[in-house]
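Next, two complexes with chain A in common: one pairs it with chain B, the other with chain C.
On to the complex of A and B.
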């Protein structure tokens, strides 16, 4: 759920917008390092994926369902800078074309979901990945921890912003407790879905997963030669030509 | 592709509001909303002025009010929160319809509701009267970094393609007898999302190669009219 107009006062909104502009400018530079001249189409398509991913409903129980926030997921799959750009793009498109999230609260939403959501998700992911053995199997669990903590971090930052510039006289402690308890539940779902999605991509195309690169690099090429029926074949430098498929039968 | 290529919030028209340059509309929207957000919530009559200004623009745009009203549902979760505020807020209590509610909370709920509603209506009016590519041209004129405008352009172009792809995957899943009802089905849904990512990523690579083949050098030709 996005912060709407009028939830935080004007000075807080302007300050968060300034932070957002700075963060996104950094991300633009970083994404060019990750993707060079592929940045525009790749980030555009990954942003579309994040948007579509948020549309998919995950049934919880008794007819209720939740959806993915996708910050940590995008960071692990596409790299942190690209993910910041993608989530920001999704938020701008939602604010300008779907009236989802206030236009004056855009900076706040970008700070919460794009910068903190992706940033914390990625940093935690990298930290956990370092602790776990360098294997492809470690990527999904690390992404789960990153996703869980990124949701909690965004909820905490929202409570802090609300304490600074909130427009409703609700005590900040109560907001913090309510936000954290509710977002622990959301975070657990987010962690489970993020791990499942990352796991499914790692299983098929590990080369596309940005967060799996160290594990891929650590793998050594293993050349398996078929055991031939004739062990006394002359040791020639070139491998014996294989019979054409048609003759094999 | 069966999907429509207009935006689903856009309402075709030729009114003054439709024809106004997109960058002016964007600046007007941000300025108007900053003014609304900065207005102290106890200045009730000022909000009446804001509302009259906004409704005048809606009237000039000739977008049917029912069209906008239907799309105001996006605000619902937030309205629920605003209704709760008087009950959980602090401060002296007053009786409203036999319920003891917090007086400052009541005022805050009014502020949240009126500002949020004005914001949603103003954004909907922009979306209804401005074609997406005009918004992009407006953002470019407002000096948004070109790379960022390009990313938004790609997202808007492929939004219907990718969401339709997700829809087809969901149809295929259901036609094979899986109707997701509980967290037991999350692994299947997650695998769909995983393959949606792979398809989106590979589509991005193909689009990039096609662009390079047509001489892409980091900037896109714009459709802005020479002025």
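On to the complex of A and C.
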């Protein structure tokens, strides 16, 4: 999904860069609420894992491959604002050192994979999590749905940008159809990898998974109910030291 | 699994994927590149100004062996990502335990009480 220089014209690239700068600035503010002494080292490793995961192209069909974008994965593990910064860091390292993705296209790539990939991945994850029972076993499936749709969203946005500012005289409709059909398959790979990784971390250290906080909280309250059901305080306002207080979404 | 142990394992998995696993990755064009080729706009791509980078295209310049060259580029890239992201998050983080924090929330130990925090 890394857009090279030249696919999109200068006005489009400037506009996408401006959106990227704004999005990253917001993420820098939002990530402060997600990061503390315990989660910051994990978040750094999430970025590292996304870099590694993006190198593992998996074969799709007919001579195509796909690779992890990692937006939904990073959002569920580290929190959405931190995830925008994780994926942006990966894209900067790739563009500057690996010549993977263009330099003038960096803003476009940040929009596609860091902002839309993370944003759609996280919002879908939260929506699915709300529908599923509040327990740890729901986290990985919800992440998988978020991952799948995040890839389709990024593919759709690229097609829209190409329709607006593509430099080659190619029908935007053809590009959209081709992007969506191939990325439906790639999205399934994204969903599988995301579910596998999120599921593994949830199994070992659910406290390090941002998206598992409501499930952990529910589990904790359940365990504590006999204790907190003292006549002085209703269970809902009882002190629960292990309960995360501020999961905004 | 201790937190430190988990983080070390997570790092190790990432480095092994970037340094060893990536050699076995598919070398077919990815979805976008493939679509660009099929629909006919691949030629509109320009070479990146970073194309002369010693790590361009995930190969380390001057290293003959393809496996070592790619593995080294992957490990260096992963390390650079860890350095930049890890440094950034260290600066951004709240100091001290968060209000919703507990050292081992995974264990629903009934004995744990708020004032036990240091």
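As a convention for this text, the second predicted complex is superposed on the first by the 198 of 249 C-alpha atoms of A that agree within 3 Å, B and C clash if a C-alpha of one lies under 4 Å from a C-alpha of the other, contacts with A are read in each partner's own complex, and residues count from 1 in each chain.
One rule holds for everything that comes next: contacts are C-beta pairs under 8 Å (C-beta built on N, C-alpha and C of every residue); 3 or more make two chains touch, one makes a residue touch a chain.
Values in this document were obtained by computation on a predicted structure and should not be read as measured data.
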Which superposed partner A:96 touches (first chain B, second chain C, both, neither): both
Touching partner for A:24 - first (chain B), second (chain C), both, neither: first
First (chain B), second (chain C), both or neither touched by A:219: second
Chain A residues touched - chain C or chain B, whichever exceeds: C
Partner chain in contact with A:168 - chain B first, chain C second, else both or neither: both
Chain B versus chain C as contact partner of A:206, first or second or both or neither: second
Contacts of A:133 with chain B and chain C, given as first, second, both or neither: neither
Contact residues common to both interfaces of chain A (with chain B and with chain C): 1, 4-7, 28, 32, 37-45, 47-49, 51-53, 55-56, 58-60, 85-86, 89-90, 92-93, 95-100, 102-103, 167-168, 170-171, 174, 201, 204-205, 208
Footprint of chain C on chain A - complex, ascending: 1-7, 28, 31-32, 35-45, 47-53, 55-60, 63-67, 82, 85-86, 89-90, 92-103, 155, 158, 162, 166-168, 170-171, 174-175, 178-179, 182-183, 186, 201, 204-208, 216, 219-220, 223-224, 227, 239, 241-246
Complex contact set, residues of chain C against chain A: 1, 3, 6-7, 10-11, 13-15, 17-18, 21-22, 25-32, 34-36, 38-41, 43-51, 53, 55-58, 73-74, 76-82, 84-90, 92-106, 108, 110, 112-114, 117
Residue ranges of chain A in contact with chain B within the complex: 1, 4-7, 9-10, 13-14, 24-25, 28, 32, 37-49, 51-53, 55-56, 58-61, 68, 77-78, 85-86, 89-90, 92-93, 95-100, 102-104, 167-171, 174, 192-193, 196-201, 204-205, 208
Chain B residues within the chain A interface of the complex: 7, 9, 29-30, 33-34, 36-38, 41, 71, 74-75, 77-78, 85, 88-91, 102, 104-105, 108-109, 111-112, 114-116, 118-120, 122-124, 126-127, 132, 135, 145, 147-148, 150-159, 161-163, 165-166, 170, 180-183, 185-187, 189-198, 200-201, 203-205, 207-208, 211-212, 216, 218, 220
